[in-house]
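Please find the structures below.
You will see two complexes here that share chain A, one where it goes with chain B and one where it goes with chain C.
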Partner chain A sequence: MNVIDCQKVSKGFRRTNALESISFQLTDQKITGVIGRNGAGKTTLLKILAGLTKHKSGEVNVFGKNPYNNLMVSANSILVDDQMTFPDSLTLEELLRSAPAFYKRWDAQLASRLFQYFKLDSKQQHSKLSKGARATFNMIFGLSTRCELTMFDEPTNGMDEAVRTDFYRALLKDYITHPRSILISSHHLAEIEHLLEDILLIHNGNVVLHDSIDEVKEFAVAVQGPIADVERWTAGEKVFHSKIIDGQRLYVVVKNNLELERARLEGAFIQVLSASEVCMYVTSETKGGIDDVFK
Partner chain B sequence: MFLSNSSLFSVVKAQVKYKINAYNGLIYSLIILQVLGIMLGGVAGSSGTSINNTTISLNTSTIDLSFIFVSLLAISVGNLITTKAYRYDDFSFVATRLSSSIANCIVLLIFSCFAGVTTYFSGYVMRLILRVNSSYEFVDSPSILNDPLSFLLTIIAIITILWMFSSIGYIAGTLFQKHKLLFFGAVVIMVMLLIAGTWVRISEAIFVENGSLLILAMKTIVITISLFVISTAISKRLGVRT
Partner chain C sequence: MIINTDSTKPIYVQIAEWLENEIIAERFTDDEKVYSQYQLAELFNINPATAAKGLTILVEDKILYKKRGLGMFVAPEAKMMILEKRRSQTLTKMVTDIVLEAKRLSVTKAELIQLIHNCEVEI
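So, the complex of A and B:
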């Protein structure tokens, strides 16, 4: 059974269209990265999946149900983001103690171990925490719920380097012992690449790519060589990015295809890209780079 | 995939427990207002007359002022828990807009019970203080022991009226959260009704022409529940963390 099934989902705010037409399916027990530029629609999509906001058109199904105002979906999913709030009248310890009444599979042991490891103050209030500590607490909360669909929206915002590394490690360890569907949105793909099995790349409110991380890596390659040659090799191809190096050589990023094998024989320098580079170039809207601004 | 199933009842129960824990700081506001009510209400009305060389002054002490203060608190608490901060808190845990509204309604009822009972008994605290602190001669109004049934009815009436006030605050807050214009529109309609005098007639029909306090309490409960139902319907489409 699909955990998530979206068909042509759209959502608009007053002036902008946050989601144009999102369609994808997510199968059980995978860590998927929701990747995209600023304002691509990642947060809006996750909020719709968590039932926090209502989509405008299309069909959204989480565990086979429309998540908006659905108790079963709410009981089995959680969205951790930096807008999570908790009442100030309760301390962090009391918050963790109230959770099992709501989440049937709450792991109190994991919560208290992580809580101690990250040295959070149990008598502190949620809103008084520093940005990093709040993100850490939210992360602990999200992991401990053991929800079948756990979503993190930019979870590491505000965390320092050491905590980020620990967080990714904790996430992976917990996932291995308790496999479930995890969605992580981030614009730092390089940082989470090692965790992910699948990538859902969103751009301008549309799904551009939804594939395993290996296939995303192979989606595009960089071709380098003399300008005229490169233009010949890549004629008719969709060019995601191009830049001239040293005034003589051309560097282009194109969709991977078999024809490039011929170019390689003719002396083209073909470079494999990392998943994060592929995502960056595929979603770039300008042909040139930031250098062109300063010309 | 293992999905846990939560019934609406169990989620509402968990929410009510959680909210009562989280909002129990409100008790301090309640106590302060009641103390203020006792202090200011100790001499609610006084009249005097003098015949020959004898002066008679008559002081009336009531808990009306406490009741008015607590009613205002009820309105503001009803309004407060519809604000974003409180609404979003619910959604950090398992919640739907329906479960959230039902839980709010129940929590406000529980707080009204607490406020109603304590406000009623603050009258007895006032009697005690007055007896100790003044040199006047006392003429008591009937107390619990004289007429337990009417005492019970009075408390029920106080509770339902406080609950109704909280629901008025709640619907006003919900309208405001939905759209500011809706709220101001409602205010304008209220004021127009007030000017036209319709309001007075409606209130008379509801609150004045009652055979007994029980009928008043029933009417109040019906109004309150209707207000909560309307608020729930309005809040069905309110976004969270937007």
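So, the complex of A and C:
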């Protein structure tokens, strides 16, 4: 069953288009990484899926329903981000106690164990928390809802290194025992790569890649060698990035294909890229890069 | 073993190779049950689907076999098969790399063979 089905979804803010035309389907119970540069449209997409903002055109279905203003969708999904607000008339402890009224699968035991582990102050108000503590509380809340669709938008912003590691571990352990559909957006793919099954790569408001993490990793490779040779080896290929080194050698990132194996035998230096490098090069705007600024 | 996400090898390949090494070291023997995808996920802090992929390639290579509802087991002769596979595939690939590097450095065939001889003596 498709948990999410988006067809040509767009969203604009005044003059700019945050989402151009997004189409993808998300099948059940996978952890998917929503990856993209700053301003790619990750947050906008997640907000639309959570029903917090209305899309302009196209069709969005979450659990088969348009999520905007839909009670069924909002009871079964949650978006965890740094803009989550909770009433200040309640303490953190009271917030956790009132949660089961909204989320029928709420796990109170998990919530209180995580709460104690991360040493949060139960009498504190949400708005008075430090950035890191707030992110930690939001994460605890999000995990404990056990929502069928759980979305995290840059969940680790503000968390220190140790808390991040613990958070990802907690997420994975809870997912293993209670599989559900999880979306995590991040611009640090390397940090979450091991957790993911699929990657949804967004660029300029469009989906550029949506595939398993291993396919993404194999999508592109770097080829290096003398300029003329590299140009011959990669002729007709889509070049994502190219850079001249020392004025004589060319370094290009191209779509992976079997013919490159022949180039390797001819002496090409072929380098496999990490998933985060592939995502970075595939979404790079300009050929050349930062070095050209300093010319 | 710690999974290396920066490695040129996909995580599921690293998992498959780790299991193969365990079988070579006889920490898993014939017809013994190996870890489930969930145990592997927990052990290596990875997505269970990735762990399952690692198990699947070993099933495809007939190093593991599935018992419905019970899990994955080490096939008889699995160790032999792994050693055989590594000789034919891994070693061939490594030799290709060595020959390529030798070519780049203008090392002749005779010199290369001499290097291998020297190496053998040292080991």
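In the analysis below, the second predicted complex is superposed on the first by the 295 of 295 C-alpha atoms of A that agree within 3 Å, B and C clash if a C-alpha of one lies under 4 Å from a C-alpha of the other, contacts with A are read in each partner's own complex, and residues count from 1 in each chain.
Everything that follows uses one rule, which is that a residue touches a chain if its C-beta (ideal position, glycine included) is under 8 Å from a C-beta of that chain, and two chains touch if they have at least 3 such contacts.
If you're wondering where the values come from, they're calculated on a predicted model, not measured in any experiment.
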{"item": "In the superposition, chain B vs chain C on chain A residues touched", "value": "B"}
{"item": "Chain B versus chain C as contact partner of A:3, first or second or both or neither", "value": "first"}
{"item": "Which of chain B and chain C A:52 touches, first, second, both or neither", "value": "first"}
{"item": "Partner chain in contact with A:272 - chain B first, chain C second, else both or neither", "value": "second"}
{"item": "Chain B versus chain C as contact partner of A:94, first or second or both or neither", "value": "first"}
{"item": "Which of chain B and chain C A:107 touches, first, second, both or neither", "value": "neither"}
{"item": "Which superposed partner A:30 touches (first chain B, second chain C, both, neither)", "value": "second"}
{"item": "Chain C-contacting residues of chain A that also contact chain B", "value": "none"}
{"item": "Chain B residues touching chain A - in the complex, by the definition given at the top", "value": "1-8, 11, 14, 17-18, 21-25, 85-86, 88-89, 91-99, 236-237, 239-242"}
{"item": "Chain A-facing residues of chain C, complex", "value": "3, 5-6, 8, 10-12, 38, 41-42, 44-50, 53, 96, 100, 103-104"}
{"item": "Chain B-touching residues of chain A, taken from the complex the two chains share", "value": "1, 3, 28-29, 47, 51-54, 63, 69-72, 74-76, 81, 83-87, 89-90, 94, 98-99, 101-105, 141, 148"}
{"item": "Chain C partner contacts - residues on chain A that touch it in the complex", "value": "30-31, 168-169, 172-173, 175-176, 190, 193-197, 212-214, 217-218, 264-265, 267, 271-272, 274-275"}
